[in-house]
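In what follows, structures are represented as structure tokens.
You will see chain A twice below: alongside chain B first, and alongside chain C after that.
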Partner chain A sequence: MNELEKIKEALRSSSAEKIVAFVRKENEPREVLAILSPNEIDRISFSPLSFNNPAKLLMQLNGKVAVVAKGCDAMAIKQLIKEGKLKRENLFIVGISCKGVADYRKLSKLVKLNEVTSVELEGDELVIKLKNGEKRVAFAEVVDENCVYCEHPTPVIYDVLIGEPREGKRDFSDVEEFEKLSREERWDYWISQFERCIRCHACRSVCPLCYCEECMVDPSNLAISPMSTAEDKASYPRLLGKTVNAKDNAIYHILRVLHHAGRCAGCGECERACPMELPLRKLERKLEKVVVETFGYDLNEDIPFLSKLDIVGD
Partner chain B sequence: MKIVTFACNWCSYAGADLAGVSRLKYPEDVKIVRVMCSGMVNPAWILRAFRQGADGVVIAGCHPGDCHYMVGNYYAKKRYLLLKELMKFIGFEDERLKLLWASASEGKKFAEEMSAFTKLVEQLGEQKQLRWER
Partner chain C sequence: MIYEGDFLRDAISNLLAAGYRVFAPVKVGDFHIFREISSANEADFNYILPRNSAKVALFPQNEVLIEYGEWIEKIPIDKKKIAVVGIRACDAKAIKLLDKHFLEGFVDPYYKARREELLTIAIACDNASINCFCQSFGINPRKPEADVVVSNIDGKVFVSANSEAGKAFVREFKLRGESEEESMIRERFENEKIEMRKIDVDVEKLKKSFDSPYWKEVATNCKSCGLCTYLCPTCFCFDIYDEGERRGVRIRAWDSCQFPLHTLESSSHNPRSEKWQRLRNRFYDKFYYTLRKGDYYCVGCGRCIDYCPAGIDIVNVISGVR
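Up next is the complex of A and B:
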């Protein structure tokens, strides 16, 4: 019985009213998330291109929900449970011991995506079945960079686990490597990155932990009436300008990442969603390193990082 | 130099007041913004201060354990450390950001620390990394 059959069987055994799982996208080799009813279980699909994070969808659903979750998805769900956004008893988590997902952008450079019929992982090789023939590439070549440093490939919470538990490791070598650069080099690097940011806020919209109804970058919801003067509107309290330039973008990204301190599940959705391909995970990982090394906090703990007042660093 | 200081109402602002009452000198570059607690200082305010041309920012609060709101300064310290590390990472001159514990009776300490910090910022020069160009 293969992985997919096991997932379907596990889902059938649950009493959930709704299922959040991956469904094959039309005309594309990847999977997208869908909310299904229990009689639609046969539509479910799973492959190394099922990279999206279902945690964000779960917050919109009421009642008992079954969900297919990879390691990072389970971590995001755990963070949301910690923060009271989800209820553990309402969830049936089919955990998948994840070998990493493929990077869609890398894959699209290797093959024509509309010719791909299916993608499978065989040992260390990714088997890409094309309309005419097949192509084998080393998985290390197309794996999402984020997955290389994955600390929790095995879900931290699950009801059913598919596959053998896998060991993750805590590895901040890329962050350490970057820290060795001089201050000017670092500043130039980040400003050149932030210059490209178009402030579409996709990183915020896609992040499972960015669930605030009113974000710091949204205009304040003070009422505007026809009587409001231009001066009133201009002097609205706001934390951040709407202008798109490297410095304002830097502030936006610092603040966005700061709100994820000790919470970021590491799914890498921000990077995948970013149309300008900014290395956003690098900032998140730096903060994770501080949280882990300076504060000695483990993401897997049951108390949110900011509520823990016995740790204040040195 | 422009140095923005967020001083908590209960300790540091009173400390600054004491420095004034005791006629202690500290540089006029220091501009004090009174906040109710150092724990309410949003990192966005700090970044906005830098954006608007501040050369240094100080968060001043009660000593750990002395907070009027029990734990506000612990939050302040956490936020401060995270912000500082992050700004260091992106290559910002993080020395421009300072956390200071000053109680209501430490007018002298407040004046001394402020003088020392102003001197440090003067050595660093104008903050150009985040400010608006004119």
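Up next is the complex of A and C:
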């Protein structure tokens, strides 16, 4: 039985009313997330192009939900459980021992995407079946760079595990390499990246940990009621305007990332979503390194990072 | 007419020398972004579509409308001549749609000042990316509607001027006439369709489907970000706000109907508080509401499909309305 059949079988064994899983997008080889009912299990698909993180969708649903989760997806789910946004007993997690996902942008440079009929991993090779023939490439060439540094390819939380457990390792060599640059070089690098940002907020919107109903960059409106005066409304705090330039964008990205300290699950959705290809994971990984090395916190602990700081602090 | 040489690059040099602000695609990493350039070498024309559109030249993401102190001190309307170089037929059509919005009825003086001085130089397409569907809207990707059009056919650079401004501009270049055979080659090129996706728009069905549960289904995976609207060459929504208490600037900034705050009223009521309502609004705005301006506000560039993180596909969504 192949991976997909095992996933379907596992889902059939669950009593969940809703299923969050991947289905194939029309006209393209990638999968997209969908909320399905148990009688739609046959629509499910799974491949190295099932790169999205289903954790955010789970927060939209009530009742018992089954979900297909890769290593990073499960880590995001775990963070959301820790933070009280999801209930473990409501979830049936079909965990995938993940070999990494393919980088869609890299793939689109190798083949015309609408000619791809399927993509699967065979050993170290990605087999791309085309309408006319097939193409094989070393998976290392197209793997999402984020997956190379994955610490938890095997879900840290699951009900059924598909595939043999895989070892990940903690590796900050990429961050260490970047840290060798001088302060000025790093500043110049980031400013040249941030100046491209169009502040569409896709990074924030796809992030499973960015679930605030109101984001720090939006003008505060929580306290608005029909009784609020115009002056009250006009003077509500606004941390950041809508001006888009390298420095304002830097504030947006740095503040956003800081809110992920000890929380970021490392799925890389922010970077995949960015239409301007900002290297957002680099920021998150730097923060991860600080959290690990300076605060001694492990993402896989059962207590949230900030709560732990309260306990161990003076 | 035919130009022996790199017309686009030479055009940029001429425009810069003549004091134009020039917007052209710049290669960043391995993709292209439309931005203002200061030398012809910055531009690169090896693309099907840049990530963003030429909208940024006419309708910048941020713009100062008023500088104020105790009273209005300055209304900075920029009268500098602008050129957009290297646009495709879809983005050229989009400029015409922005014109309808900003110049018909209420005239936007900031937009008007830029538009009056705008020169458009387009490149004809000879192939399509996977999510192109401009032909569905009667756009001929091989024959963009711009002041000047450049077509690279069989290693030759064909240049045509379609307006007075375009004709005046190409007069400075040494162009030679086309031979009879070359004209035939160009015409054949222009009349050949490019294989691409098709969208099936049924306005009557849209009218009837406003309350359909379909929209909730389509929006399931929508993340409510502003990516689709910010990359869209025809989306024109903006917000106006002040920065600075006693002295400051009144700024116009792009806004997106996908953000919940876009429609939040000061009474605290929000007519589109749910993401499916906002998503539905985008599709109705593209294909129904804007018909009062006389056109669909979609040009089939496919950017919103290519980059939607949730995989929402305007062709499938509109073709599948029920």
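Operating definition for what follows: the second predicted complex is superposed on the first by the 294 of 314 C-alpha atoms of A that agree within 3 Å, B and C clash if a C-alpha of one lies under 4 Å from a C-alpha of the other, contacts with A are read in each partner's own complex, and residues count from 1 in each chain.
FYI, contacts are C-beta pairs under 8 Å (C-beta built on N, C-alpha and C of every residue); 3 or more make two chains touch, one makes a residue touch a chain.
It should be emphasised that the depicted structure is a prediction, and the values quoted were computed from it without experimental measurement.
Per the definitions stated earlier, placing chain B and chain C onto a shared chain A by superposition produces no clash, and the two fit side by side. In the superposition on chain A, A:K87 makes contact with neither chain B nor chain C.
Of the two partner chains placed by superposition, only chain B is touched by A:L306; chain C is not. Once the two complexes are laid on top of each other via chain A, the angle at chain A between chain B and chain C, using C-alpha centres, comes to 90°, given in steps of 10. In the superposition on chain A, contact of A:R170 is made with neither chain B nor chain C.
When chain A is checked against chain B and against chain C, the one touching more of its residues turns out to be C.
When the two complexes are overlaid on their common chain A, residue A:V244 makes contact with chain C while staying clear of chain B. When the two complexes are overlaid on their common chain A, residue A:R12 makes contact with neither chain B nor chain C. In the superposition on chain A, contact is made by A:K56 with chain C only, not with chain B.
In the superposition on chain A, no contact is made by A:K135 with either chain B or chain C. The minimum CA-CA separation between chain B and chain C in the overlaid arrangement is 11 Å, rounded to the whole angstrom.
On chain A, the patch touched by chain B and the patch touched by chain C overlap at residues 241. Looking at the complex, you find that chain B touches chain A at residues 42-45, 47-48, 51, 64, 71, 74-75, 77-79, 81-83, 85-87, 89-93, 129-132.
Contact residues of chain A toward chain C in the complex are 25-28, 30, 32-35, 52, 56-57, 60, 109, 112-114, 196, 198-202, 204-206, 218-219, 221, 224-226, 228, 230, 233, 241-245, 269, 272-273, 275-277.
The touching residues of chain A, counted against chain B in their complex, run 175, 178-179, 183-190, 216, 239-241, 247-248, 250-251, 254-255, 257-258, 261, 283, 286-287, 290-291, 294-295, 306, 309, 312-313. Against chain A, the residues of chain C that register as touching in their complex are 28-31, 33, 51-52, 61-62, 130-131, 197, 220-221, 223-227, 229-231, 239, 241, 243, 251, 253-256, 259, 261, 264, 266-268, 307, 309-311, 313, 315-316.
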